[in-house]
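Two complexes follow with chain A in common, the first pairing it with chain B and the second with chain C.
And now, the complex of A and B:
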């Protein structure tokens, strides 16, 4: 049966490309310990460079291919190592994610500016898709080269890692770079080599994939993410297993395309197969024991007191009321959108800033919120819709959290990302529609005007302030201490009787509910939503905005949202190519400012503390404590004597 | 569950470990170790580095799954319970490798533990009161407002001790809580332990300071290369030739 063989061959070829992508990821992960989220964006960028050299500037095809593969990509890898990754050694998973996600977004942004997405570009297959027949099936030279490339790379990598001195050094470096340095090795040289190699592999994958699929910035970046699933199947270590996984995924995908019904929900299934595989593999992976304590990258700012948060909030609401009088209609909408984004960021402050759980699916919950608001709130925008939005998002949040609670750091990020992609590609396109917008009414509160742009702007401002005060109150209270403690040392919490997973589940549910609340308000700003509003990439932007503003303060959420708002207001007044810079700037800002989890908000907080230091008064309960003669007081008495003796 | 403190006669062990073995890869970290801990006493668990003391603690608290063997509290097997459920039966510990809540203050560390305790016990005492009492008892008033990740190791160990005490444990596992303390401080720590056991608490103590161990312990178990090589009163242990051989060269035990 020719159709079957055709699907099989396309599947095998695509699988080979996923395998190349997965190998690149495994190379950097095993030698540097860094999971490069931007690997797909690098592959995409390389494909565009290839197009530029070959089609754009009419260079010879082989020369163009080799230039990208052997010169541009390795140089780019070196650059990444020197500028971004070297300072990351020993950094937390969290920081590593922010830097590589920032790079991903910046590359997507730069590609958007350089190769406008509105222009169609075609990258032909090598040898124009010519090929030969095997029985009844046409195999193109391009496909043969792809399979050959994988085989060649597999052989070279195998020899490199097992035979060559430098390959053995590469494996040693990740275990202990300092030891390698002491033994006369050069860990930095080795890591540079591995980044160069992995970028070449990404480029190879990208250049071979783009002609088979299409030259599209977002699609290529995300298609390559499918290769991540294969890398995880190999547990980011095992190359042969990753390759096998890649091929199984891709063949399965082709078969789904070939044999599943051609209409309705099932047509979307083939797009999300890799993501579903990724999700299942992640939750099935054996996890380490309860994590030991880690120390944060930076000391988190103190939590604002109730008085401070209420008074700051009041000032903000009054300022919003006054500003509303001056703003034009479009800017009122942008402002309202900013406050809604602020609520999304507050949900991340709770989940990631306090709880240490990295989520890459915020917008999925926002989308669910908008969906519930539209259906339950109806055209009148009933308050029931808001409750339904919180309930639906919180409920789905709990369902997502249940299997993923055991996951930490990178694995949790990947699991939430795969969830976001599934929602984006399969669910939202189905329930929200791609082109056809879903109407979402503005919430109707009896006795209070909410419908005009001006009124709605104020409503969103008040909503942001209330959520901020609530999140801060939660953090100051007993639950907040429990949450922070769970993040600082899960092992200690467990031995003190805390159900760590239960605490995480509650937190994830609340954060998802908050995002759902944001969604109920978000739809009302333009009056309708569509699937594009909740794309997986958007969730990355939201996370990076949170890092830029500061992920552990309410001030940070406000600043992160303001960054977006200022840019949106300015955009119409800027030349077109600058307007395309939104992703680039967000990515670059995340790479520079996002290094500290405190972000801009943290800098402001530390400035304020310097101007007006907090009183260090003892808690009231302790003022009458007299602990003379106890072990601690003996300790301090002697410290004091030492200090005196030193003078 | 109601804590029966102080009153219980020291007849039945409150904590028992039976035939415990833990294998990491090809290495036997712990082999066939059995020990019991009586209420109202300090029980010592000593041995050279790598003898399997911390691994035993991890198995007792549920952080490490044993290859073989069981753990009992009040004669009830708890081997299959997750760590938090064991804690709720009155088990608390400190860690050799610090596990403090670094981004909270000393007071908040202790208060959080008191709140945890309140959330799963029927103890009506307000957590702030428990926390104040613990701060008082351990002597952490001076650093109550300091973030723990800014404190020296020695005092951080005391924070862990205070945190464990805030859950009002019946069995307290202390993993080298005295390391980093000088003799005066160690003496005060010993006083605190004796005061705690006189209230009925059981303490299982891992400690390298032999003088402290000999002073506070009623019963001592000695591990070497994962095996139990001796058990008995401090005097018996000090005169045990096997123990002296295990410590040969370090002359720690022959004080």
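And now, the complex of A and C:
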């Protein structure tokens, strides 16, 4: 028995774990058309339910297992379909991401409340971890059962989707539910069945994996991330290829661990292999496979004029100046943080709201900005640091954009997420100094006070306003119209001679630069940053905040940031149990936004549209009034006319 | 961490935590665990116990049915303070303990005065601990321990020096800005910070520095948090590590310690600690033939052990900068990876109820496990019989939080409370922040009545080096080769020295 064989066997077992996760993602996507970010959270929740029944309430192990697998999980799936997914038919990718991320947070929050993570709970392996040896490596019966379950489920699903009527119907509903209905099918019933099946698969994975990977809320929830690459290798459709991909990735990881040095940067390679594979596969794959890679709700409220945006911004700055006089030191910092977060959200307004490019790596650019500010700005907070922050983040943004220009929707989201994960695991934890913190000075502007909490609060407010005015100006200009048009129909734009890739590249670069600018300001609030500030999943939350406020407007960015700020100010004064609900409340807030794709900002714009006198003339940049009263941008004059006719 | 992410309802971070997240929990726990690993120089005396209705603590006469411990108050170079006489003190770097214990006699000569958080009848302290964040309730134990201590002194001693002890809690939120804001908020309301446990405690440093008279008594998780001159720590000193335990184990295990494997979390703070530990161990003849850094989100280490056992042929496995649950998983993964049955495990972080719970009733896999602490076996029933302070801690914690297990953070918060009590009682005729800070600076050997290894709380240059050894056998943790608690070192081994790593 050589070490090589040991790594191989360990890799095979680990690969089966990845495969089980990937299979759940693939089945969910195949039967619902949704890439379910909450898959891991559902698995986690099922594992804890299993523990509760078996260990907590002393029910029979098999009965507990079957109860979760065949009763609780399917019922939960039905609930998801009815409450969350049915209203989202045809929704955009980033909205789906927000909803599934919201569900993830809600489940994590509920689990935190129900099963305190500070209490150790053990879900034992079947047969007490006993097993048989292959060479020196012990393969436990539990692991063997897991592998067996994987094989059995793969066979059953294969037959279901290719030979059984209901399986074919599941796939058909994803492609065209109306057609299925016209043919006598019952698409809603099929969708419910799909979600029940999906949740049962997640539960199966969670119950089998928890004894191997520890019963831990966050670890189980995040375990699914390692399965993304395998699922994408199978194009979210092909189960056998996904399983094979999972095994190859896991064996590769084990070999990297076995034969790469134990020190230095290379020690991090093993951890980022799945994300590197994911990035490469996404770039290499054809793009026409994903149905949800469209933005059905790319409808923005009216874009404010220059006069309106400047006057509103002036009011905001004056309000900030007045408010600063009444705020305590802690609240000034919270407020400054809020404005900085607002700038991050503005970068998403430009990139995702206007450009339709879903980015899950905004915090990576914020981190680069903070890093540049620290090293170039120095302890004096030189303005050069700010420029370096914008330049570094923008430059890296351009480099990331280049290979991903042709990606859209989910593929782009996952590609940016893989970049964020690599930055998180391999870069930020490596460079952010001993102790994990990097000192970042507040920017020094000659002749203008910036160092006190009050002054810095005002500086951040002004920065937010300037960025907002700039983003709105960009949107109103020819570049903005080109950007929106590119989002609406890249093919049409290309036909008309619009440089689609160039437009995307510039947008991505500017958005990354804005995030870098936010990073330059962010570190100055507390005076330091750590790697945790730029964690990959944090970028998902920023997207979530943008969606809550409204990702199509600068007002939405302000509202999203304000939501966070108000909560932060109120939190010390709330009862402790309320603080414990923060995950749950955030998740539920995100889920509720699903019914209003433009967020609270969109609702406000809608209200304004209803009360203001209606003009017969549409704005010059070709907008249309939609059913809900919002105004959306379109590119073709024909659509403009149709919009008039529709009203 | 900035407010947005963390407080954001979300945790985002968490989700992060590793990512953020996920990593946070492990990060936090690893840092917290490792923060504890600084033994102390100097010595101490054990506590004296008076039982019955009347109890004496550090010279304070109390009433009630609580059993309390005698206190050890060492001030300066061995002066008498408040009726407690102590002689000796720290002999300096690596010095032999020489403090002798004397019983408190009479109540301390408590001073009078008013200051921030101090009135004629009340004294209010502030505790900042991470309760919300990616891991709900992460350092809630610190709050629990502090409240248990307050209940104890208020019920049995009428507070501290006649002042009812109030505790103002703030949630650090596992978040830099929130921690900083909590400190800013409290600093003008409380007399002192006592018993805090926050991952981003370095973010409160600016507040502590700006108020140089406010005493800040807590176990620093970030090295920057221990820098202010008004910070006092149960495990003070610069980055480095004690050597005594490695010398003992080298003698006990022989040539096996030249084939050691270790795993550390791939976090800057954990890695810095790991370097200090490795440096100290190697100075005693240990040789690390396998050393791996793992992401905090990793919860399966089978591949590590395949490499460690089958390629590097380790004979001893040692880890400090992981958490207890991961340590339990590692033991299981050793078996799966085909490691030899005679592999020695030295895992100090295993002294945790979470560790043994992971094995349920099947603890045979961890029989013979070795480790060491810089504090007493605070949840052991037999330790309570040996060290009265541990008994009081266990009793009052259970009174305050029935049926909940006390964890390390609760124990540290309690010990921090004891340090504060001692300083207030020794502050002299005028009671204010300045005099209490001065009293804290004079403490050379603090032990919380034998519950923690002796330390000089204000030290910035000398690290601790005392410890106890333990072994897991017959289903429980037991002291190993440790001097009697009635001895001059209070049951701690104080051989070896503190070796700075930079």
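The rule is simple: the second predicted complex is superposed on the first by the 554 of 647 C-alpha atoms of A that agree within 3 Å, B and C clash if a C-alpha of one lies under 4 Å from a C-alpha of the other, contacts with A are read in each partner's own complex, and residues count from 1 in each chain.
The criterion applied here is as follows: a contact is a pair of C-beta atoms (placed from the backbone, for glycine too) under 8 Å apart; a residue touches a chain by one contact, two chains touch by 3 or more.
It should be emphasised that the depicted structure is a prediction, and the values quoted were computed from it without experimental measurement.
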- Go through the superposed model and pick first if A:117 touches only chain B, second if only chain C, both, or neither. second
- Message: Per the contact definition in the header, classify A:481: touching chain B only (first), chain C only (second), both, or neither.
- Response: first
- Task: Between chain B and chain C, point out the one touching more chain A residues.
- Result: C
- Between chain B (first) and chain C (second), which, if any, makes contact with A:496: first, second, both or neither? first
- Applying the touch criterion given at the start, work out whether A:261 contacts chain B, chain C, both or neither, answering first, second, both or neither. neither
- Query: Common interface residues of chain A with chain B and chain C?
  - Reply: none
- Message: Show me the residue ranges of chain B that touch chain A in the complex, using the header's touch definition.
- Response: 61-64, 82-84, 86-88, 91-93, 95, 97-104, 107-109, 111-113, 115-117, 119-120, 127-129, 131-132, 135-145, 147, 149, 154-155, 158, 160, 163-164, 167, 181-182, 184-185, 188-189, 191-192
- Query: Considering the complex alone, what residue numbers of chain A touch chain B?
  - Reply: 289-290, 292-293, 295-296, 299-300, 478, 481-482, 484-485, 487-489, 491-500, 616-619, 621-622, 625-636, 638
- Message: Taking the touch rule as given, give the residues of chain C at its contact with chain A in the complex, in rising order.
- Response: 1-5, 7-25, 27, 131-132, 134-138, 140-141, 170-171, 173, 176-178, 180-182, 184-185, 200, 202-203, 206, 222-224, 266-269, 272, 290-293, 295, 297-300, 302-304, 306-307, 310-311, 324-326, 329, 332, 335-338, 353-354, 357-360, 362, 407
- Touch list for chain A against partner chain C, complex: 1-3, 6-7, 10-11, 13-14, 104-105, 108, 112-113, 116-118, 120, 122, 124, 128-129, 133, 135-140, 212-214, 216, 218-219, 221-222, 253-254, 257-258, 262-263, 267-268, 271, 328-331, 333-334, 337-338, 340-341, 363, 421, 424-425, 429, 432-437, 522, 525-533, 535-538, 540-542, 544-545, 561, 564-565, 567-568, 571-572, 576, 579-580, 582-583, 585-586, 589
